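Shared between the two complexes below is chain A, which pairs with chain B and chain C, respectively.
Coming up: the complex of A and B.
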């Protein structure tokens, strides 16, 4: 169902934007609606909290969150408004996540190539890949920090942000490896056999057939990887205490949750926007590969 | 036309992400707080904190800011903690040279094989309180009978369990224990009768909150506190820990430890005499909590240090013994104690802190703070 006319395309864009906005409004209505009608002490069933408390400390009004976001972070001189601080922290996180995503994507793609080339590698490595994603991040973070702390080669010394990037790449490589493998294996047998009749070797088949065919699988995988890298960065910042990023800011603002509850929501919103921005950047990168992306182009 | 525009956009995106990656790489500098080395070969030293930058660590930041570490020939990097960073493990693994940790938690790590030694006891008293609203009339551990009592878990609960047991109650049946989040909302909305709080942090957060009944901030008179120091089950908290093996075998590390302690204690003395300046140093180091909250914290931490009759940092035998006793006898709900047997003689030493104190006394610095008077801090809503 491709719309080919320019007007149709424009209309579709607008409706997508409209639906997106509607989603945000719906969320706001749900929040304020539950706050208005829900019991202040929440709903507790058999000593287990089912629905959250609705008092201003547990669920601040959206207006309070917004007005808190334009006030300064604290009273010290030169303290920026909360939203400016959030953007600064988000950019720091984005930089670290980009490093993690780039490393993760390259490693993931290389693993996929290896698995495509050698069937025995696929059998041997794939279970380990899946296993790798079941290791909880909080178990991994201290180990990576401890190892990193010992690395010192000449003028190079391991910084905390590198541990964060490594953890982000650890989450990001998995979807890329799996997606790229699917893509590389996607050409029909008939096409592979055609390449064989041309006497094309593995590398030439890879270049002319498998790589172009992998693009429709690779792009969603890269987007997924970008989202994972952001999640990994935020969690790793909390876990390792890396300063300057959005994850650390969430924890720091949550510390004043008792007396200044509305403050903590600004960095959370920042983290959400960060995820969207990173997916957007990857989508833009994907535009250069549009020629090979028949399936995604049609969707 | 459209095609080429897409490619341009995509190329721009690639360029943008490349710039991001580079910026990520270049953000490497400025993650640690390295002392500015003004020529001369300074020895690099790393100090691991338990948590983020806050006035709980004001003395170390003051020592860095005032150049006390550099005066001793040390280039100190203060490494902040995180939710999953265990300082004593970082120290035992050799990732850092010194670490700040609570004594009971560090003793538990020692029993599991971490080779670490308490070389200076910064906080002489415990800062942990059990806070309740005044109308509940909970002023001693015995009053907790039948009440809903919050605790943080993670090894922060043993003073309370020992206190409840000492008052003749059974923690498992006589009180209703609930897990408390790391804030005080449970106390304020009434779901917890008595909540755990540190004098220098969570207690202040209560006093920074509007009391709906009066329309003003909560006042200390609106609250009752149980202080484990007066209940007799307090445990020693922030101490500086060093690597046991290196202390026993490495002459250079021994000398460095004395120098490090000399500068760190001088930083704490600075924080005692200049609480406002010390608090400002911490705020400038990027603490997100507000200035009035940090000043409160500096002042409360000072109260836990001073006056220090034997000299700041000296490990008091009686307090140590009480900490070890509670750690060996107080059982939590799972029936476990912090440690199962008495720690060996490497657990603490006053050798290095005594040398540091001698050096400071020779400089004519007041290391006991006998005339110390806390300041009065006015908190503001939200601690801004």
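Coming up: the complex of A and C.
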């Protein structure tokens, strides 16, 4: 029985990979196909451009993007190839995003715990959580940078990357809070009443029942939180002016667009891969909690 | 240690009934202040080691009565004592074990770990837990399945695990709400047989909710017949099997068994107390 589900799982993984690759191929075909047959001036409807121009500046060939990625970043001596620079920037962003994700997850989880413990808190806090996500990042970034700049405790001083991490955590905490709350509230009445007959208090019920039961809800929430943290990091790098990450690199390379259009696509691809890698890391964390994920594994 | 326990504990519990319910009532307040009289004027005494079934049409308050005894709900009137203590104190002291219609096993725990759950919660050591679980697994006949997970068991096996779990702390009282309700007839009869054996081995008193007349008669010393709107006890049928009759499979063909079934059926279908008639739909 476990054998068949294991095999089924492996097959599902492979087919997911296959569909993913197919999607990439389809995207490439669409890109090159439109470039080949589309009008050079693009498609304009009622004065609004709805499809881009097809010249090499607006839509470089895929081959050009790839070959540009292995050439040096710029003409100065010792300049590394673009792909190496992209990986370096991606790793920097990943580190910052990971810090933001961790903080956001912990905070989100604590908020969920509070809401589960006190129903009043759920009614009072939940609307604020939703409201918090409607604040535009662009408005938030300068505020956080300004506040951070004022913090100076002994040898510790606020660094720019911390602002970025805070903004990433601001995006990451929300899905975790909502998912964890649903998970903590997921046990059936019969289980909760059983714990009551055992005279188990809130904390023991949490430990033995609610936490394990929340795992199937928590894992997707953490995955979502990781994706949000990456997006938050990329955007926050740009709006706080933090240098060294992939978000900043996307902007810098795009600015050299007119003379070197193929260069900008490498960091964009890097950001996409970064999102996939972060999801993969969370999935690995999920593997260690497999035992608590039985229903999900069985279905 | 065991000696002092032996000299202090049994003396009162031999005198005290396992359960004593005195004119208990329960009113649920539902939305907009409307009230549902779920139980009224319930009087019931269950002796230690006695097997008592609750039977009656749906909605007559069987589960509610069980939940009052278990202190999962509190009575709005009257008094409920379990081994001489209030229902609440009895719950705090872990005086009873409970099993519901759905087994309610934790899906991420193995059979053994599920049975150990109450022991774990009450700080019983690992080795002792494992030994007790082993005993219980044997008692319910699941020796080969101890490390399986609930989703790998049949409904009947899950129910056995739930019963084993309810017995984990050697309670002197078992509360069971239609534990065999979801099982097929064959499994059901086998489980009844096993329950009889388990009860005779543990000596626990049982309050057993069921919809099945034969099941109630087969298992019980007394069958409490209830009727709805408001939920109340209309009759208590003593099942007298005569001396020396054991509750084995052959009992199902015994005249005393049929007499019991007939008595319970008449109590259920008769029109005694209800002034409005229409006891059964």
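Assume the second predicted complex is superposed on the first by the 284 of 299 C-alpha atoms of A that agree within 3 Å, B and C clash if a C-alpha of one lies under 4 Å from a C-alpha of the other, contacts with A are read in each partner's own complex, and residues count from 1 in each chain.
Here, a contact is a pair of C-beta atoms (placed from the backbone, for glycine too) under 8 Å apart; a residue touches a chain by one contact, two chains touch by 3 or more.
Please read all numbers here as calculations on a predicted model, not as lab measurements.
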Query = Of the two partner chains, chain B (first) and chain C (second), which one does A:253 touch, if any: first, second, both, or neither?
reply = first
Key: Touched partner set for A:292, first chain B, second chain C, both or neither   = second
Remark   = Comparing chain B and chain C in the superposed model, the one touching more of chain A is B
Query = With the two structures laid over each other on chain A, which partner does A:142 touch: chain B (first), chain C (second), both, or neither?
reply = first
Inquiry  = Contacts for A:268 in the overlay, against chain B (first) and chain C (second): which applies, first, second, both or neither?
reply    = neither
Task = Could you say whether A:110 touches chain B, chain C, both of them, or neither, answering first, second, both or neither?
result = neither
Inquiry  = For A:99 in the superposed arrangement: first (chain B), second (chain C), both or neither?
reply    = first
Message = Let me test your reading of the model: by the given contact rule, A:200 touches which partner, first (chain B), second (chain C), both or neither?
response = second
Residue numbers on chain A that touch chain C, as the complex places them = 1, 188, 190-191, 193-200, 204, 208-209, 212, 215, 291-292, 294-295, 298
Query = Which of the residues in chain B come into contact with chain A in the complex?
reply = 3, 6-7, 9-14, 16-17, 20-21, 23-25, 27-28, 31-32, 46, 51-53, 79-86, 89-90, 93-96, 182-185, 188-189, 191, 202, 205-206, 208-209, 280, 283-284, 286-293, 380-384
Query = In the complex of these two chains, what residues of chain C are touching chain A?
reply = 70-72, 91-92, 94, 96, 98, 100, 102, 104, 106-108, 117-118, 120-122, 149, 151-152
Inquiry  = Which stretch or stretches of chain A touch chain B in the complex?
reply    = 41, 53, 55, 57-58, 72-76, 91-92, 94-99, 102, 138, 141-142, 145-146, 149-150, 159-162, 165, 237-244, 248-249, 251-260, 263, 281, 284-290
